Amino acid sequence: MKFSLAVYSAPHSSQAAASALRFARALLREGHQLYRVFFYCDGVHNGSSLSAPPQDETDLLAGWQALQQQHQLDLVVCIAAAQRRGVLSDSEASRLEKPAANLAAGFELAGLGQLADAVAQSDRLVTFGG
Amino acid sequence: MKFSLAVYSAPHSSQAAASALRFARALLREGHQLYRVFFYCDGVHNGSSLSAPPQDETDLLAGWQALQQQHQLDLVVCIAAAQRRGVLSDSEASRLEKPAANLAAGFELAGLGQLADAVAQSDRLVTFGG
Amino acid sequence: MTKRILALCRQAPYGNALAREGLEAVLAAAAMDQVADLLFCGDGVFQLLPEQSPAGIGQKSLQRNLQALPLFGVEQAYVCTKSLAQRGLDLEALSQGQLPLVPVDDSAALIATYDSVLSF
Amino acid sequence: MTKRILALCRQAPYGNALAREGLEAVLAAAAMDQVADLLFCGDGVFQLLPEQSPAGIGQKSLQRNLQALPLFGVEQAYVCTKSLAQRGLDLEALSQGQLPLVPVDDSAALIATYDSVLSF
Amino acid sequence: MSLHIVSKSPFSSTALSDCLDAFAEGDALLLIEDGVYALSGRMSERPAVQPVYCLAADAAARGLQIPDSVTAVDDAGWVALCAEHNPVVSWFK
Amino acid sequence: MSLHIVSKSPFSSTALSDCLDAFAEGDALLLIEDGVYALSGRMSERPAVQPVYCLAADAAARGLQIPDSVTAVDDAGWVALCAEHNPVVSWFK
């Protein structure tokens, strides 16, 4: 079955971000497909390359990146939500004349249309928020 | 009277960050002192130099920076909370071997002891969260 | 085959960003011909109060987003009557504008008719 | 003159970061000789349930932070009895460990005795 | 005497009811942000405590009328309430 | 038939009660994250709806026992519940 996930919460603030990663791993393990993970609202912070949790806390970024590599996941960060919150790709950083970029490898910025497309193309959409 | 503020919320996610800035402006206008603003939890995102809200939305970063310049405010971002969430100074970025820094001018990283010190030194502590 | 999509709008406006970002997602989907229906319930019904003036708190009115919905093919919105009653509100007191509001007593039955539900 | 500081702990552990970051702030203050008292109320009383095992959700137990408090001079913690009753909990069922728990019926009167209240 | 600041809707959060459980004679209540939804409908008629203040800008933002039993304040009034009371207790979740 | 996923404590959020208002015959309820606090105390004895599932890892994290009226699931069971039901409705605030 084809799943997509919508993630609205930042790592290290809400458990929902960690729940989404666990759910993604489990559905792939169970033989399902993961069409897309769409990071929206505070969820865009999952795509920040600068987060540095203490050694003894879970590194969600590393978790998403490993899963992305293994399964060629489509990890999409909403470009409008990310701009407001300061998650920028190289090209966005230069376009907006900002001093640095911080979008992590394995994630890409795209418009909200990618959420609508995920809903249309998937058998199930599961939202992680709060 | 000497105030300190504790800000726990990110801009563009919760109104609390905007409320804190309004309250800071008002208390200075009324002739009170602002000993320190301590950004904790998701509030550390207030100190990100990369946020780029749309032209027709309020730019809280510019607001804090203008107030800081005008009144030599002590805008302190909790270093532990900021590391987890990806808000890094130049020296933190190089120490943690991260590709970029994004702490905005006018803000500084410091430990949680600065919150305790703010409580001890101020007549009033007002918390903005949620 | 077009999917039937419901946006479940449960947040009051302005206090947090979810009400605004939810409507932006619905508008973006409609612009791509994925028209979602909307169900306002819980504190989401407060999005429909008339005469919101958020300039004093540095925000834009959400009512502009709501009134833009019909331009993108969203022709009506559902409102949970129980949520209204809990808050002492009448459907007639809400801002209808270009977006007619349809009262819903049985939100469970309504939700069951959709292929996908986006929670905001 | 040392200020009397109260940390008001109202959040359940693990679901969001505030319970953890609140305790970290209290520990940091105590390490600087600013010892705060703690009042657990609302869902904050769930921080005191025994036998928490959050390894399965990738988190560290908050109980280590609670048990560290006495090492920094926090000798007891207050617990709102009304919050316990609302949740069907008894004070005896909570994890006391090194941190004795003191039941409080009148949290208003307790709060009034402090110079500063940190909400978490 | 404490100032209690409530910033969440009483219809979806227990912030206000938890606050009222910790409200002492002589304390004051200030509604801000989504806390002003306490002015909506039935809850406005008989405030559970006195005095109750609300931020005028937050009520106007949300299209709410301020009943006679509640005192509207601007940002300067907000600062004054914080200066007049101690401790200031925030209820935001 | 819908799967309703509730992730907030019923003692501080209306997520669960709002969900129960939208619960149809044949739907299922899954408690995750702080939603598992619905297992605490009185609420566990007579579940308002059936069937009720909960994530075992979230209950264990919080030191909660799972009563007989509630079915514990692991992550694979969570995926299976989502595959078996449609739509999946999240109640997270």
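As written, the chain order gives the labels A, B, C, D, E and F, with residue 1 at the start of each chain.
Everything that follows uses one rule, which is that a contact is a pair of C-beta atoms (placed from the backbone, for glycine too) under 8 Å apart; a residue touches a chain by one contact, two chains touch by 3 or more.
Quantities reported herein were computed from a predicted structural model and do not represent experimental measurements.
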Steps needed, at fewest, to go from chain C to chain E via touching chains: 1
Where chain B and chain E overlap in contact partners, by chain label: C, D
Per Cα centroids, the chain farthest from chain C: D
Winner on C-beta contact pairs when D-F is weighed against A-C: D-F
Averaged-CA centre spacing for the pair chain E and chain D, given as whole angstrom: 25
Chain A and chain D, separation of their C-alpha mean positions in angstrom: 33
Residues within chain D bordering two or more other chains: 10, 14-18, 42, 57, 59, 116-117, 119
Residue numbers of chain E (touch at least two other chains): 7-8, 11-12, 14, 33-34, 86-88, 90, 92-93
Where chain B touches two or more other chains, by residue: 8, 12-13, 15, 19, 22, 41, 57, 80, 124-125, 127, 129-130
Chains grouped in pairs wherever the two touch, ordered by label: A-B, A-C, A-D, A-F, B-C, B-D, B-E, C-E, C-F, D-E, D-F, E-F
Interface residues, chain A side, partner chain D - complex: 12-15, 18-19, 22, 56-58, 130
In the complex, chain C residues that touch chain E: 10, 12-16, 42-43, 46, 49-54, 56-57, 59, 86-89
In the complex, chain F residues that touch chain C: 1-2, 14, 18, 21-24, 27, 86-93
Interface residues, chain D side, partner chain E - complex: 6, 8, 10-11, 18, 41-42, 80, 82, 107-109, 111-112, 114-117, 119
Chain E-facing residues of chain F, complex: 11-14, 93
